[in-house]
Every structure is written in structure tokens, then in C-alpha cells.
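Listed below are the structures to be examined.
Shared chain: chain A. Partners: chain B in the first complex, chain C in the second.
Up next, the complex of A and B:
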């Protein structure tokens, strides 16, 4: 029973799971764009969106006009031109300003929770929605089945009542005949056949 | 759990989280567009930069100065700005402290950031500052040291290692305390 329920839940959540997988694939493909394929300006911009302004509230370097942000962007450009990798440049700023300078946490250690939670919440939601959808379908099917049973029973009752009427008529005819024979007046069986 | 409640939870909880994050984000982004860089966290803080950070500058009197060339001495590197009120208030303290500590072999170096050379020269002349000062034109030195605001001071031991960092203006007493402790450590005198 539970096996069947689980199968249904999983089957009903297929759409959600696929959507999740496609989303993750899209993110992976986007992340696979090689640094070498980007121009210096593009890499400076990319890194500026990945690093927070240390003296601003919730702004990345590209959003901030603080002098420190502009200085940091100049350092990024310098390091990109020197051939440093994006990871090395991020590490440079983390060494100086701490992990808080990263706009999104590195996907490692406890930080994995932050990366995994959206996917877990999404899949959990998909499972719940799928489960609810299957429940609705099952209830609808049960209701349809119940109404079919009621209709069938009604038809059967109708057929039964016709049979009873026929039986009653036969019985009455037989009773008339037997009564007439018993009283010795067979003529009474003529006409409408009633005593 | 009633089956009717499940879809409500499935939609409601993520929606609630989304709204909370949105509201927090809106409040955060509307608060401040970026401060000019005056330090709000005052006092001694952890050193977060590369502890052997170095720089090469041309001082106001035209000399080339490399921090690592000062190895062998305790060095106080001060990041400051002529427009910064706490820096202006602190200037006489630094002038007086340098007069005393330079006799003991301690070096002071001023790095002016987010400033212009003309303003810096005026400031140095006005306050009679005698220790070397330079302007960090592109802010690269400030970033290298992980400076977030001004004034910020980095204390370098005789081996060239940045061992202490103080945010905000110092009093003569607080400056003496740090330099005395560092000197004692160099001499192997415990009691920090």
C-alpha cells in the first residue's frame, strides 16, 4: 500500500523534479562559461557582482558608488590584467575583508546548506503539491466510482421490481385457477380471469 | 495533517519566506547607499589582511619608501584623510607621540587615502607632521591592507609582520599602550 502511495507521489512530482533538474542544469551551464572566453571588462563586471562593498549595506561592488568600491574594482581590473583567476581574485578579497565580502557563500562546508536549501525547499514543495494533486485525483475517482455503483444499484432495483410484478401476476393467475378448481366453478376463469 | 492543508503549506511557506526576504532586502537597500569611509567600529580589531602586506610609495618630500625596508623597527602605518574629522582631531596626538617614540626607534608612516595631494600637503604643514606621508592615489594600498574606513592603524613588528590593528582615533594613552606592549614583546618582557 505504502509502496503504491510512494510511487504515486513520486510519479506526480515528476514535473517538479524535472523543473528542478533543468534549473540546476541551466545554472551549471552558465557557470561553465570559461573565464578566458570573457573580455577584461566582462570579467571585472562579473567579479564586481560577486563581491560586496564592505562599507555599504547589501550592495555589490557594481551597485555601489562608495570610493572603496571603486578602488576595489580598480584592483580587480589590475589583477585580471595580470592574469589572475577569478577564484584567486575572490580569495584575495576574502583574505582582506573576510567571507562577508562574498555576495554568495562558497559552496563548501556549512555553506552547502545555503546552496542546498532552495533545491530542497523546491523539491519538497513539488512533492507536497504532487501529493495533493494525486489525492484530489484519487478522491475524484472514488467519487465517480461511488456514483456508478449507485446508478447500477438503481438499475438493478428497477429490474427487480419488474420481475416482482411479473411474479405477482403469475401468482395471482395461478391462485385464481386453483381457487376456481377448488370451488368447482371453472366458468369463473373466463372473462377477465378474476375471481 | 488534513490533505487540504498540504497544498496551502506547500505554497504558503515558500511564499512567506519569499516575502520576508523581499522585505528585509528592501529595508536593507533603502538604508544606505555607501558611506564615505569613516570607521564606525572603533578600538582594536583582529588583523584580517595579509600579515606581510607591503607597499612602495613616494612620500610628499619625494622619497621612495617601501614598508618592508623598515624591517628591524616597530612601524605604525596610519591610513587617514585630510577631510576626516577624527583624523583632524587625532593629528596633534600623533605629532606628539612621534616626537617621543621616534627617539626609541619606532617609525610612523602616514598613508592618505581618498584625498588629493594638495589637501594632504596643507594638512601636514598645518599640523607640523614630521613623519613620512604619502598619498594612495588609486586606493590600491588601502585595498591591499583591507582598509574599510579612516582612521585605521596597522602596527608592524620588527620582523615586518602586521600584528595589531586599531580602528578610529587614538588618544595619547591608547597609542602609548599599544606601542609599549609591542616594545616589551620585542624585548622579551612579558606583561601584555
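Up next, the complex of A and C:
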């Protein structure tokens, strides 16, 4: 019985991990620029959400009304119309203002750390939680085995009584649901189908 | 005034310090009078903060520019209504404000603390008083709002123009109060730990205050988002700015806390974990206050910037050491006596919920500190802004929505696969239909479709829960559906209040998906009488208004909005497409089929004193989409440069607000029967521990 549950948990956490990995991969793929499909305006807008306004604290170009921001967007428009790629335009601004002009660091070199850490956090957290859960199970199992040997009847009595009290609310809740599900379905009820 | 204020602040330092000493000495020496006197000193701290705040208010009202803070944040022409906001518009005053807020909440919580908790109270009072003493002392020595200047200016500088808005009454004070208020549940948890009364009594009062702070922070953030979107013309509502993030992180951890604390109340589990959560929330709130005080990161919110950032950071480190030390010290006594029985149980789903919330918190924290890290590690400045957070947090938030759907369907302890399958049928079916429907209508954006499906899944799960509960009442007692629903909700307010909040969160999710994946943006300059045709709107620049004053140049564009049939303008559109300007076109005449929708009057103001531009957007809103217009610049040749966005489903972000408040209030509303039951259950568990110990001995 227990080993079945554990397998299910393992399967569950593996699934979770995979989901996380696939999500992150897919997002990075989805975020790849499809420059060719976009109009000039869309590309200018896209780039202006990816570049920070150097003189306004913490705002991207599209959010800022500062003159420099408007000028930079004009430069972007010019370069898009000249046929430059998004990467080239970003590079152009990085050369002038430094890396700080990019709204999110490029995933390369040292900045790989920035992008790898979230995955590490997710996987590390999943590992911790899974481990804590399995530990709990193990202890519970050991405790059950021990209590069977040491204190037989009396302890079980006690546990039962606590459990009954404790379960009453859960039980009533479940009963409510079942009744609700059965109402109007006489075949599930004894008698005339009225509660 | 300045003397009264300064004196009050020093008195605040004195009584808070006294409260710490009296409480601790009183409890150690067993002198009841000292303990009571320590508690009353907290009330005196409130009085001191109140007097100081009143003095500052009077100084503002009487234009007492000999006080530097008043001179810097007010002027003669400023409306008296804004005195209240000028009060906390910058560093010193906002410090006084959070001191007042903390003193008030500390006094209320100390007054309301149950008698059962008396054994731990001196420690709780001491912790509250330490934080109060820190705030008072910081004001007294480093940031006195009553500092006077030798040269008294004739007129003040005035408040930062971006803050001159009614939103200023709600968003900043709510966020500041919410952050500092996390001290309360932290103090109760720590007090219980120190005293050794590690039972669950602290949980009840900590839960109430945690939910209040969580609600206050939540609504504060939502109001900030609304303010930014509708008024400030930042275009967005949430930009993952560091200051926004430091308010979001404690909120996320509190969210985890108010979920997992239910498990402790209900099943006596997660004891250690709950302590960890409230500790982390408290430390993150300190981080928030530290970053608010400026220094380490660049933010759009640098209104209260000062050199106090480092001081608050040190206080945060001290809190961290204290909380961690306390935890390690009491660790052996915190074990919960029960284990999770099945992975398919509500307690397990809370575990997953906690995991996801903390992952988002940790990732966000990483994003906030990475620029500092990069600077230290290789001396290169980088920015970490919205595009980064969307990618790394988006998928986790999506998973969270899914868990939000499954969790409520799982009963406590365990369930059978079959029963779960039966309950999952409706939500899964609805989610599948959503996917099919969206794809059929040509919505192909992978993540958006997945997001909508997850939202529908979670929504139907909540509705199913309500429907099943209400159905029995409707059928058996002949109640009207909404009466049945309301009585169902009232039967277990903490739970159903939570579900109502879930609906609010899903409403936010709808708005986020709509605006993030389907927004369109057009930038164009048009002259008077010209129109911009985009999507199925025509917006006409009708008139402009100018108000040129010594302190500012304000300009308004009057814009008429028409709904059109795009095919009427097909010829113009084709011509525009041909020159690569697809998306919009400028026209001078109109078609008879155009239907007038409304008039917008967005503005653009330049403040000379501050060399700062503030814009106000014009929004034509509907549940389907917002038409959003910002005048970016009024050009010399009478043209106006407009940024026009179409933001689908944006309204749902704001609809969430009232639902969120309702849910929070429902969850908070006292529930004597349930509380008694929970207490009885705990006492039984405690009592039943005794025979086991006796047997082992």
C-alpha cells in the first residue's frame, strides 16, 4: 500500500519538475523574436519595451515621457526602417549606454547566472518539499509500526476517539456533497428520493 | 510646533525603550506590575506618535516654512486637502507615518490579545516596542521631520507633482501600513516561541492580523496599479519595479502563511513551517522598507529616497539573525505530531501552494538583487525589469492557477482517485472547451490559451464547489439560489471568503493575460482635425487647451472617439500598408457609418520647478478592451504626438478589487462557533499528548 503511494508521489514530483523545465524552455522559445512578421510600429514598440530609459529611474522607453526616451524611440524607428535587426539595434544602444540599457540581461556569459537561478530555485524547492513529504511518510509509518507493538489497545482507542471528533466536520462536509450529488437521482437513494 | 514635535518623538523613544525593559524585567523577575506597565507604555508610544503627527499636520496647515520638511513638501498655493498626503510624501514624514501606524496597530493588538496568551505577552510587547523604539530613534537622530532651517523661505518648494492626485490618499499609506504591520503577527509568533508556550494560541490572533495586513497590502498594490494605469500614464499597471517587488514579496509569503496556518488550525501540522513563513514575511517587509528608503536599487518610486536605506538594511539583518536564532533554539519543541496522510489531500495541496508562492518570491528576490550582485561581482550595471520577470515568473504563476483549481476540490486527510476524478470532470471539461473555443476563434498564442484554460479550470472548480453546496439548500429548503449561496458562505466564512478571493485573483489573471499577450500599441502624430484610424476605432484630435502658469505648462488634447467599420476605411488602410505603416492610418474625413462613443481629454504637464513631465491618460473602457490614449508631446506645428494602446480585458484587473475586499472581509468576520471548535480540537490534542508522555516515561 505505502510503496504505491510513494511511487505516485515520485511520479507527481517528476511530473512537476518536467512541467517546470518544459515551461521554461517553451517560454524562451516563444519569446524568440519573429521580427519578419511584425510591422515597423510593432517592432518599435517591442524594442521600446526591451530598453530602459537611461535618465528615468526604472522605466522602459515605452513607459517614459522623457525627451531622451522619445528621441531614442525615434532612433529605433529610423534603424528599423533601415532594416537593422532587433539584435543589432539592442547592440547599438548597449554600446552607447552600457548593458544597463537592456530591460532584461541577455542570456549569455555571466548573465547566464541570472537566468539559471530561477530554474535552480524551482528544482531545489521541489526537491526540498518532496523530501520533507517523504520524511513525514516514513516517520508516520515507523510511528504506526511502533505503536502497534508497544501500546496496543489503549492507544488505538485514544487515536480513534480523536480521529472521530476531528473527522466529524470533514465527514459532514463530504456527506453534504454526496447528498447534493444524489438529490434528484432517486436511483442512488433508498426510499422515495426525498431527503 | 517643531519643539512639540521633537519632544514627542524623544518621548516616543523613551517610552518604547521603557516598554522593552519593563516587559522583560517584569517577566523574568515575576513582577506583574512591571509587565502591565510595559504594556501600557506601548499605548503611551501611540500617544507620542499621535502628538508628533498632529504637530506636523498643524505645521503644514499654518505654512510653517521654518520647518524644512514643510518647506520641501508644501507651498502656499497647495490645496489644504493635500496636507494629509504631503505629510507622508517624503522620507521623514513617511517615517513618522509608519511609526504612527505601527503604534496604533500594536496598541490594538495588545489590547485585543486573549487572556490565554498572557504568558507570552511580555515578549510580544517587547518585540513590538523594539521596532517602535527603532523607528522613533531613527527619527530623533537621523531624520527628524521637525528639523528647522536657519533661513526661512518665503514659500515652500511644493509637493512632487506626480503625487498630486487622490490616489496618493490610498496607495502609499496602505502599502506602508501593510509592510510595517507585518510586525504584529511576527511579534505574536516570536512571543509564543520565546515564552515556550509553543502551542497554537498565537495562531488565532496572528491569523487575524496577518489577513488584515495581507488585505491592506493587496488592495494597496491593486490601487497602485490602477493609479499608474489610469493616471500616471506609465502605460502599464505593474512594471516589476524593485519597489513594487518588495511589496509583492511579503504579500506572497503572507499568502502562503494564511493558507498554511489553516492547516495548523485544522490539523495541528506545519507548526515550524508557519513560524518560518511569518519570519520570512517580516524580514522581507524590512527589506521593503529599506529599499523604500533608497540607496541600493534604482526605482521609479524614489520619492522617499534618503540615506536611511543602509540603516534599515542593518535592522533587517538583525531581525533575520534574531528570528533564525529563535527558531533554532526552539526547533526541538516545534515538531508537529501528525504527518500528511496522502498526497491527494488538502494539506498536501497547501504544501504545493506554499512551494509555488515561495518559488515566485525567491525568483523575484533574485531579480531584485541581481543588479547589485552583478555590480559587485564584475562591476557592470544591468537592469532587471518586466521582460525578465514575465519569463521566469509567468510559468510558475500559471501552475499556481491550476493548483488553485485542484486544491479546493481535495478534502482534508485523503481522498480516492475516483472521487477526485468525478470532481475534476466539470473543470477539466470547461478548460478543454475553452481551448477548443479559443483556437476556433483563431487565438493561437500558446501561453495565452493555456492561461485562459487554467483560469476557467480554477473558476469552474470554485463554482462547482459553491453549486454543490448551494444545491442541497435550494432543493431541500426551497431557498433562492443567492440566499442559499450566501448562507453556504456564512457556514464557513474563512473557507468561502478564501474562495471569493480566489475569484478576484482569477479576475486579475484574466486582465493580465489579456493585456500582456494581446495589447496593441500605436505611436503617431496628428494635427488638429485629423483622425487616427486603428483597429475598429477612429480617434479625432478636435481641440487643445493650454494653461501656462509659473510652475507648470499644462496642455490638454480633446479627442473624440468613434467606433467604425474598418472596411469603410479599406482604401486608406491599403495605402498605409503599402508604405509599411500597417496598423493605423491618418485620415481627414469621416464616414457616415462612424458611431460616436465618447470624448477623452488626456493631458500633458511640464513642471518647471521639478523639470518633470506628468501625463494623464484618456481611457475609453469596456469589459472587452480599453482604448488608452496618452499625449506624449505637443509639437510646434500644432500636431500632437499620441501613444494609443488597445488593452484587452484590462477592466477585469479593477473588477477584482471589490471582490478581493469582499472575500477578505468575509474571511475575517468573526466566527465564534468555528473558533470554539478549533480551540477545543487543539485542547484535546494537547491533553491527549499527556498519556503518551506518561506511558513513555
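Quick note on the criterion: the second predicted complex is superposed on the first by the 128 of 195 C-alpha atoms of A that agree within 3 Å, B and C clash if a C-alpha of one lies under 4 Å from a C-alpha of the other, contacts with A are read in each partner's own complex, and residues count from 1 in each chain.
In this section, contacts are C-beta pairs under 8 Å (C-beta built on N, C-alpha and C of every residue); 3 or more make two chains touch, one makes a residue touch a chain.
Bear in mind the structure is a predicted one, so any value in this text is a computation, not a measurement.
Novice: Applying the document's definition of touch, where does A:57 land relative to chain B and chain C: first, second, both, or neither?
Specialist: both
Novice: What is the contact status of A:137 with respect to chain B (first) and chain C (second): first, second, both, or neither?
Specialist: A:137: touches chain C, not chain B.
Novice: Taking the superposition as given, does A:72 touch the first partner, chain B, the second, chain C, both, or neither?
Specialist: In the superposed model, A:72 contacts chain B only, not chain C.
Novice: Report for A:121: first if it touches chain B alone, second if chain C alone, otherwise both or neither.
Specialist: Both: A:121 reaches chain B and chain C.
Novice: Name the chain, either chain B or chain C, that contacts more residues of chain A.
Specialist: Here the partner covering more residues of chain A is C.
Novice: Look at A:129 in the shared chain and tell me whether it touches chain B only, chain C only, both, or neither; answer first, second, both or neither.
Specialist: In the superposition, A:129 contacts both chain B and chain C.
Novice: Show which residues of chain A both chain B and chain C reach, each in its own complex.
Specialist: Comparing the two interfaces on chain A, one with chain B and one with chain C, the shared residues are 56-59, 65-66, 70, 98, 121-122, 125, 129.
Novice: Which residues, counting only chain A, touch chain B once they are in their complex?
Specialist: Residues 53-59, 64-72, 74-75, 78, 95-98, 121-122, 124-125, 128-129, 131-132, 135.
Novice: Would you pull the chain B residues touching chain A in the complex into a rising list?
Specialist: Interface residues on chain B, with respect to chain A: 3, 6-7, 9-11, 13-14, 17, 25, 28-29, 31-37, 48-50, 114, 138-140, 142-149.
Novice: Where on chain C does chain A make contact in their complex?
Specialist: Chain C residues touching chain A: 233-236, 239, 241-242, 267, 298-302, 339-343, 348, 351-352, 355, 358-359, 362-363, 366-367, 370, 374, 377-378, 380-388, 391-396, 398-399, 411-413, 446-447, 468-469, 471-472, 475-476, 521-523, 580-584, 604, 613, 615, 630, 632-633, 641, 643, 677, 681, 684-685, 688, 691-692, 695.
Novice: Can you list the residues on chain A that touch chain C in the complex?
Specialist: 5, 8-9, 12, 19-20, 23-24, 26-28, 30-31, 39-42, 44-45, 49-50, 52, 56-60, 62-63, 65-66, 70, 73, 81, 98-105, 110-111, 113-115, 117-118, 121-122, 125-126, 129, 133, 136-137, 139-140, 150-151, 155, 158, 162, 165-167, 169-170, 173-174, 176-177, 179-181, 183-184, 195
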